[in-house]
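Per-chain residue numbering starts at 1, and chain names A, B, C and D are given in the order in which the chains are listed.
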Amino acid sequence: MILEGKKAIWNDYQKEIADDKYYYVRSCVRQNFFPGSETAFLKIMREELKKEVYEHPCHTSCTGIGYHSDIVPVETTMTVVARQFAIMTEAGYENLVPSCITSFGLYTEILDTWHHFPEVEKKIRLQLKKATGREFKKPKNLAHASDVIYKFRKEIAAKAKYKLINKKTGEPLKVVDHIGCHYAKMFPSKGVGGAEYPYVLAGMIEEWGGKIIDYPERRHCCGFGFRQYLVQANRGFSIACSKEKFESMEPFKPDMIITNCPGCPMFLDRWQYVINEMEGKRYGQNGEGIPVFTYEEVAGLVLGYDPWELGLQMHQTDCEPVLDKIGVDYSPEDKYNLEIIPSFSEKHNLINV
Amino acid sequence: MDKFGFTISAGRQIDYDSNNRRLAEYIFEKEPSFRLCIECGGCSATCTTANFTGFSLRELHILIKRGENDQVRQNLNKCMLCGKCTLVCPRGVNTRNIVVLAKNAFQKSDEYEI
Amino acid sequence: MKFDPFIIPFNIGLYFIIIYVVARSVIWFHDLSRPDKLRLQRGFFGIPFALSLKEIFMESLIHRKILKTNLRLGYMHMSLAFGWFLLIFFGTIEADIFGTKHLNAPYKAIFFRFFNPEHGRIGFEATYGFLMDLILAFILSGLLLAVIKRFYSRVVGMKKTTRLKITDRIALTSLWLIFPSRLLAESFTCGAHGTGSFLTGSLGAWLASFLPAQQIAYPFWWLYSISLGTFFILLPISRYMHIPTELFLIFMRNSGIKTGDKAGTYSEVQTYSCSSCGICIDACQLNFSAGITNIQSAYLMKAIRNNDDVSEIVDNCLMCGRCDQKCPVGIELSPIRMIQRRGGEAENDIRNIYNGYFRSRQINIPEKVISSSNYSFLQESDPQKADILYFAGCMTHLTPAIKNSMIKILEASGVKYNFIDEQGGVCCGRPLMLAGQDKEARELINYNSQMIWKSGAHTLVTSCPICYKVFKESYYLDVEVLHHTQFIKKLIDEGSVKMNFLRKKVVYHSPCDLGRGSGVYDEPTEVLNHVSRLEKSDFEDENSLCCGGSLANMKISSQKRKKIALDAATELTKNNPDILATACPLCKKTFAAVTETRVADISEIVAEALIEKPIKINSGSHANSIKELANI
Amino acid sequence: MSKHVVVIGGGVAGLEVAGQLSKAGIEVSVIEKEINTGGHLNNWYRLFPDRRDSSEVKEYLDGMTHNHGINLLTNTTIEVFKRNTSHFLITTNGGKELTADAIIIATGFDLFKSSRKEEYGYGIYDNVITSVDLEKMFRKGKIALTNQTVPETIGIIHCVGSRDEKVGNFYCSKLCCVTAVKQAIEIREFLPDSKVFCFYMDMRMGGAFYEELYREAQEKWGVNFIRGKVSEASETIENKLLIKVEDTLAGRPLKMKLDMLVLMAGMEMSEDGEKIAGIVGLKTGENRFFAATDNLIGSNRSNIDGVFYAGSCTAPMNIPETISHARAAVVEVIDYLNDGIR
């Protein structure tokens, strides 16, 4: 591996990320999958970085799941997205930050389509106007929430309580980064580092002391794939995808996986359990699984947030091995203690405090 | 396992490195013209067997070369050895001998330990 | 003198070989199938026995067939075999007449001169001695040829001579030593006693003039005896086993025993009867065109005798049958090769002398393991009813001109026929058989048989000699199987088709499976004579060449095939015929690729000559106008 | 007064044109941006199809220039280009001014920058090299991995940067297939124990003796040909290259590990050619190469009277084609100089 070559590519793929006044839109599914993540993002942005982040209660699903499952027609999707833009415009924001990778990909795709086919944009504006009476401005800056954390990775590192370093050995933790397919595969220029060698998560990990693993199946889908998972009979394909990834990363002995997509941590996490149930196979060291984190969770851990407040007890593959390696100060007995959880999140569970 | 209502799907990918290609090596050694195939498909087009069922000698050659021996074994015996393929082959591949060698190899051993 | 120790080696060898041959004969007889045993028993008391005696004399002693193909080689074999026979025959009489008593032990005749050194001075004795010297000189002349052949085979008109294994070498050396040592032993004895005729006497006198003849003679008598003894003992494990075996073979053959498709006594007797004369090597196109020199029948027989792995040899053969035709011993070489193909690869035993004498016999060739039904995908056939079936064959579909010509001829003949494989048929099964896969072939044979049976036809016409041969030999059909040349001949004879005479020079190439393989030589040439100027070639009937395209050879490269085809086509087109005619789609395709001369199947030539709508002179209808006349 | 022609580019086409014009009694100047003439020939070890040493062609071309008194300006580029009524004025980077009666553009091609096919990891993975890198190894007489061991399995990817809309090149570079076959043979010559796999989309062996070379590669050298475009390469923990390709003839995806991957970089319009197109005002085609006025009977003619093309600045060409094209340009120039019209 020639690092200079990678750096050259990373330099080629840099994007503009707004530095304040974000209009944040949540993911449909993340709050169920890893409920602490979005809350942690808001806390980091507002409390640690002192940035303005706005959320709107009328924001809806972008219909990306329906769109990618061939259920919702593209024009409908575009009109729904136009409404999101209209609400943002009404709120006086222009820096759109979706929490969901698919939303990010969809917004990017729609903006690009409108750029190349202005008549479509015109038609959608008309449809939105007819349906809701709303008008909109296109976002001035579109960045995924992980782009924003990437932008402030150094600031976070400066405030960090822990480093992604094995406390006992002093070695950096070996981290697998998994990027959601819709982040840059469709529009490589819209992702930090492009599609082949994405840097958005790698940049965070490097900054926070870890070491990124480049394994052969890094490009492979986590297995969510929408249609593959939604129909039960197809789930065999979904899990086969994840398995292929695990088998490919296993020889590198990763300590953890970091992701930036709603579906990926879900599937990489839960399928490890299912594979173990089906085949009795685990891919981590000492007969354990490989803990899977969202980038917000990792940022929260680095900043010294309580693991249980971050929602790590919601992971099916236990996170404790990583916590122990980093040397996080946590109380194992409080893992399922419901009482401590609201103390962290009640403020940020509300919109626009 | 039943409790999930699905199992882990087997991939269709040819894993070249873990496949056993002794059969191919054996045929390369005994019938060097095996190397000369340019995959034109002339053999499959004229094939007597292919007139009746799904059988492609061209594909069979590829599968032997890749070490996909199970698939080879499943299809090999459909060949009637009539020899039309040898006649139409533009590269002079001794197609019949390849089939005969593969048959012999399978008869010698199930594990293609030739 | 009645006894001398030097005769011991000879006696041991002689009694050993007599016992061995008798024992072996008993085993062979025992292993015969019951019908074959009966055939042999009946043969023993009938005409076959007389025929065999005649054949043994003509072939085993005189070597008539070799003489016919190759005079010098024939002379070599004759002088050794017939000469030796004469020597023994007249030697025994000599010992009987001139010896001390009648009915002597064999050694008395063989070493007569030693025991009767004073014999042969005058009169009748001297004349008889002259005869014996003449016979010895006859043998020695043949031996001289044999020695030269070994080192320079072209002297006897052979391009290639067989290669030898070690026991063969020792046996050969002892054989070579027998007659020179007899000559020297007799000469020295004669020299010492002043006896002997023109050869032994003169040589003996000259040798005695400067050597102590009496003392030197004795070691040569030993050498003579040892040579004989060694030769006899090595006989069963050397190629000279063919000498006693051939007698057995001739008798079996005359009794009507055939090779069949499994290894058995008869195939084993045949492999032992091969004298490695090498005529098959010279006949083989793989040898003289393609430079493949290790697979010919002589080598196959030797490899089988030696229990060697024959897999590389058996499959590399065109099965053209030229060697079968040329074999002076009449060994059914192709059927024996087919037995080996069916058998797959034999296990290679550890070789030793013991195995040579008492090896596991060829009866136990391991059967190939064949997987279950391969052709279950074939749908049950439902052919139209017809009197005559036309089965073009796989190869004919690659030569549409033949197929179209046959349709034209069939239409013109007005017969009710069904083109049974018009949309492509199932292979006849012979290619599988040629690969030794009889069981698979049987599946296809059953399928086709059913189809033929269902059609209710009485005649089956095919354009492909490969199909023809297998239809004839391996199908159980109640229809008349005809190759299209036979069918056309019939139509011509019946007057069902009329033809113009084409003013074209045609040379006919007889396809292997049709000619040598099925014995159809006459109809094709008669048809060609009927429509064209058929010219002679150097390779006709049994001596036809193979086009090189044969499906029987699994191993040969396309380049070598081409070379065979090119050589054969060059020979056949030497006199610049207009058409090189053949009767096989495979031959046609093979030749067409290598020659500028037009290559055509007989059916094409016939179709060209065909008067499609003969003007019926006596018919009631007549043309009303010139235009209509032109149309009929 | 003898006429003066300026040839831009000192590669195969440029030197051939210069030599032939000079023989015809015309004064010739060659402008070459590099220190040495010969262009891409300098990077090549042996040339297909008969695998002669490239230096033989180089010697021939050097002979052309040395024996015919050509004014060779190496290390030189064009700064200013002007046209008067009957002649052209060129100012070089050194400030030198040249007056020419006709101009021949022979700027040749650039090899596709393989790092642009990010999925193959050229410049990132240790043992991914290009066809040119391999030629350099041949010249050195040693094929080795970065850890100096000898590769056992080597993959060759055809069509890198050719027939690829994703990198903006729709056209076929035409020479990469035969280069791959030639290099596969040479690898097997150097490393008799190695296994070589060519991954191709189509084997385009159109030139004289190309198909024969292909057959030789299969028959004599046992090179394996797998039909399918490699979609991605990655490095494994053993520092091997894992490639994914569809074995289109088996109709199934295939993965395999290789020690070394050689990218058959295609041909592109040269960067300097593009600059010159701008300076001179020459038209370029959809494939970005110089556009001739007529693809059938005027492939040497440009949209400017007196400016002609020679060689692979108009389209991918092999050496015999380049030489022929250059000689054709000579005829065009002489006609032009004689008649004043083209």
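Quick note on the criterion: a contact is a pair of C-beta atoms (placed from the backbone, for glycine too) under 8 Å apart; a residue touches a chain by one contact, two chains touch by 3 or more.
Because the structure is predicted, anything quoted here is derived from the model rather than measured.
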Per the touch definition, the chains contacting both subunit A and subunit B are D
Give the label of the chain whose average Cα location is farthest from that of subunit B. A
Which chain's mean C-alpha position is nearest the mean C-alpha position of the whole protein set? B
Can you give the whole-Å distance between the Cα centres of subunit B and subunit D? 39
Here the gap between subunit A and subunit C, centre to centre from mean Cα coordinates and rounded to Å, is 83
Roughly how far is subunit B from subunit C, centre to centre by C-alpha average, rounded to an integer in Å? 37
Using mean C-alpha positions as chain centres, tell me how far subunit C is from subunit D in Å, no decimals. 64
Every chain pair in contact, whichever chains are involved: A-B, A-D, B-C, B-D
Which positions of subunit D touch subunit A when the two form their complex? 115, 118-119, 121-126, 232, 234-237, 242
Going by the contact rule at the top, pick out the subunit A residues touching subunit D in the complex. 1-2, 4-6, 8-9, 194-197, 214-219, 251-252
Complex interface listing, subunit C residues touching subunit B: 315, 344-345, 368-371, 374-375, 377-379, 394-395, 397-398, 423-427, 429, 431-432, 434-435, 437, 440, 444, 549, 551, 554-559, 586, 589
Per the touch rule above, subunit B residues touching subunit C in the complex are 31, 33, 46, 48, 51-53, 77-78, 80-84, 87-89, 92-94, 96-97, 100, 103-104, 107
List of subunit A residues in touch with subunit B within their complex: 232-237, 239-240, 243-244, 274-275, 277-279
